[in-house]
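One structure, as structure tokens, below. Some questions next.
Each chain carries a letter (A, B and C) given by its place in the written order, and its residues are counted from 1.
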Amino acid sequence: MAAEIEVLNLKKKFGRVIAIKNINLKIKKGEFLVLLGPSGCGKTTTLRCIAGLEKPDEGKIFINEKDVTNLPPSKRNLSMVFQNYAVFPHMTVRKNIEFGLRIKKFDKEEIENRVKKSAELLKIDELLERYPSQLSGGQRQRVAIARAIATHPEILLLDEPLSNLDALLRLKMRAELKKLHRDTGTTTVYVTHDQVEALSLGDRIAVMFDGEIVQIDTPRRIYDFPVNVKVGGFIGTPPMNFLKAVVEEENILIDKFKIKINRDAKRLKAGETIIGIRAENIKVYKNPDKGDLKAEVVVSEPLGSNNLLTLRIGEEILKVITEPDLTFKTQEIISISFNPEKIRFFDPETGEATDVVSPE
Amino acid sequence: MNLKEKTTFYTLVIVILLWVLLPLFFITISTFTPQKEIYAWPKPLVPSKFSAETLLFFLKSHGVIPSLLNSIIVALLTLILTTLISAPAGYAITRFSFKGKDTFRMGILLIRMFPVPLLAIPLAVTFIKWKLYDTLIGVAFVHTAMAVPFAVIITSAIFAGVPEELEEAAIILGCGRLKAFLKVSLPLALPGLAATAMFTFVTSWNEVFAASILTLNSRTLPAHILVTLNASPLYFRFAGGFFMIIPAIIFIFFMRKYLFHMWGIRAGK
Amino acid sequence: MRRDKIFPYLLILPVILYLFLFLIYPSEKVIELAFRTEEGNFTLNYFFQMFKDSRFFDALKYTFLLVITIVPLQIVTAILIGFLVNKKFKGSKMFLYICAIPLGIADLAAGLIFLSIFTQHGYLNSILYYLGIIKSPLPFISYENTHFVFLAILLAEHWRATAIVLIIIVAGLEMISKDYIEAAEVMGANSFQKLFHVILPLLKPSIQSALIIRTIFAFQMFAVVLALGGDIIPVLAGESYFWYYLYRNPHIASCYAVLIIVISLLITGFYIRILRTRYEIAI
């Protein structure tokens, strides 16, 4: 069972602080949607409005085309996993998982059945009689998720569920969450500020800034075609490089270097622009004359699977990823070329993308 | 909340405010009611005129002013003794780890509940031998014994609120440990310590059992009111009650930020 | 946290010495006074004298009656006010401060305050008159009216000492993460279920400590009783005072003191046991 969610013109203020400016969002049946943004962007408030824990000032929320804006959380057939897990400390793991089932008045057999199933799914069936204080953070997390899915909700809401786990555990839980979603097919809304999590988990990502959704698309397209400088700068490790440039017919000028772009340059306005290029789309040559642009090595950081170079071209700084065997000295002059397919153009005033925007 | 819930909610709030404040209102009004009206039937809920007559009668009654002074002296002595004895221990609990610390803490928490004033009975006998009977310092000694466990818990909570890193930063910057304490922890803890002192003052000011057992002539105000209770007119008692609550109200005003420290709740976790 | 061999012990030494001198030593003395004759022989005579006193069983009865009525009433009142404070409405902080005022008020003063209400010349009679309920003042506080004197003492002590319970409860409520309540809400719990399955169980440690602290202090109740009822209602601490102050008998006064101390210790022992079984609050 899965539900479809629609959020229409949602607005919410806390005192004078605007948490959500205006949000419109449609989440398909069974979809895994990630709300991604820096802290204070309104993503958690949006989630809490969907849950019914927060009442929006304006706007409507529909679940399966039914207006639920004024319904309490219990009438929305959804479950939620909280950032601090909110596993009741005075109940055993079993009692915790049973809690929602008992309130929904399932019969004894069914309760036992579901507790067993969800505990097995989350691999905590050995821990059922323990109290939360006897569990590790990761185990508590599993209890919280088991408790949430035991009621077979149509919607599963997760509020930064991995942020309190250590790095290794986070990686493991991320994969498990993805598998869980595939197994249950529940419509899932997942809030995070971690763009890696968002990219790896989401069917679609809604990127939020300052109480608004600025882009909503598949992870791939958000990564390749950010709608503005902010999104490009927020997503990806390292984030997208931005350089001042000038468009001249079929060429772009960066510092004093000219690059030919084999694209229909007429679609681009001549004049000043900002180009965006991701670190992996830049080719590096040891030979300072081989590439299109000359650059100076500022820092070289070996990261194991590859090297991260910080380069300087004139006044601009950019990050490039190279193969691990290539070593560079500080202040070494090298040359680079951009993959012209992957260059994005942004308006220097507004920061909005000026070339192709999500041709979908 | 919908309208009905809101109405119930605020009605409850108002009922509780009335419950707390009406008795305080009545005792205040009593104190400023002319003596004749105290015994009037029916008594007006607000006196026909406000008069200082009752209050002056109280203050001029035999023994009131001396006992008032005694109360202040005993409370100040208690405050000084308690602070000197407890503050170092409170500091030790928060800043050091040492063997037996948990036992000490637990012991203090339990002793806090010990009925100390009752010990005035054996102490009265001992104090006669020690030449402390009927002295203010003797009363202050017992009051200090009452206040010390509380003060240790409160001061440890106060020092716990001053990050140790700040003190360590001062040490790194070249202060000695004592100087780091005096320059960093103490100033930051000062408002809290002042509130602790207030608490100690009020504890002593309010105590009546030990104060009346241990004294004959140098009575504190509550002791004086208690032993003259049956022999004094109503308006004397009302004015006495009013006088006793003044420090309490000032105390709550200054203590309001530290209300929770008082029972060591924050530190107790 | 620093480690140091001697320094912390030096810091706690004054407390230990002081409490030894003014707590352990007199505790030993009080036992001596209760169990030893002037000549220094062991005796139970003082205790027999105490038991034989006509007021002893009344004092015991009333003390226990007061404790078992006041303490639960205070807990319930404090939880109610605590919930109101926890709603964080406009002015809720001010509301908490006002409710905390009695915290600083002496038991004697509280007795006198309620005397101004319940005495024959008090405000209650006048209010009843203005409401048209009575024509002439009723003698609420008199030997014929012990039930009412008891009630007046109960109300005065309830008014005075609820503030302490309130502070403990409010602190306890504040430690309950809002997430727990919201989690229950999402799972469909109604207000009743939230209260009884989530909030109260989580508040249990606070309720327990408030319960024990108040019980022990209630056994020392004394000045409220004297200020309101004189000797109409005998209580244990009051009898101790009378035996020392009026009848000049430190031995029997000590017997009462020992009795109260023993009761307090028993309750404290109970307290420690409960503390041990308490689950740890986890995030």
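As a convention for this text, a contact is a pair of C-beta atoms (placed from the backbone, for glycine too) under 8 Å apart; a residue touches a chain by one contact, two chains touch by 3 or more.
Treat the numbers as computed from the prediction; the structure is a model and nothing was measured.
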item: Mutual neighbours - chains that touch chain A and chain C alike; value: none
item: Highest-count interface - the chain pair sharing the most C-beta contacts; value: B-C
item: Geometric centre distance via CA averages, chain B-chain A, whole Å; value: 56
item: Approximate Å spacing (C-alpha centroids) for the pair chain B, chain C; value: 16
item: Set of chain A residues in contact with two or more other chains; value: none
item: Residues of chain C whose C-beta touches two or more other chains; value: 281
item: In the complex, chain C residues that touch chain A; value: 177, 179-180, 182-190, 193, 197-198, 201-202, 204, 279-283
item: Chain A residues within the chain C interface of the complex; value: 51-53, 72-74, 78-80, 82-91, 99-100, 103-104, 131-133, 140, 147, 151, 157
item: Chain B-facing residues of chain C, complex; value: 1-4, 7-12, 14-15, 18-19, 22-23, 26-27, 29-30, 32-33, 80-81, 84, 87, 89, 95-109, 111-117, 119, 121-123, 125-127, 129-130, 136-137, 159, 164, 167-168, 170-172, 175, 212-213, 216-217, 219-220, 222-223, 226-227, 230, 237, 240-241, 244-245, 250, 253-254, 257, 260-261, 264, 268, 271-272, 281
item: Footprint of chain C on chain B - complex, ascending; value: 9, 12-13, 16-17, 19-21, 23-24, 26-27, 30, 38-45, 84-86, 88-89, 91-93, 95-98, 101, 104, 108, 110-111, 113-119, 121-126, 141-142, 144-145, 148-149, 152, 164, 202, 205-209, 212-213, 222, 225-227, 229-230, 234, 237-238, 240-241, 244-245, 247-249, 251-253, 255-256, 259-260, 262-263, 265-266, 269
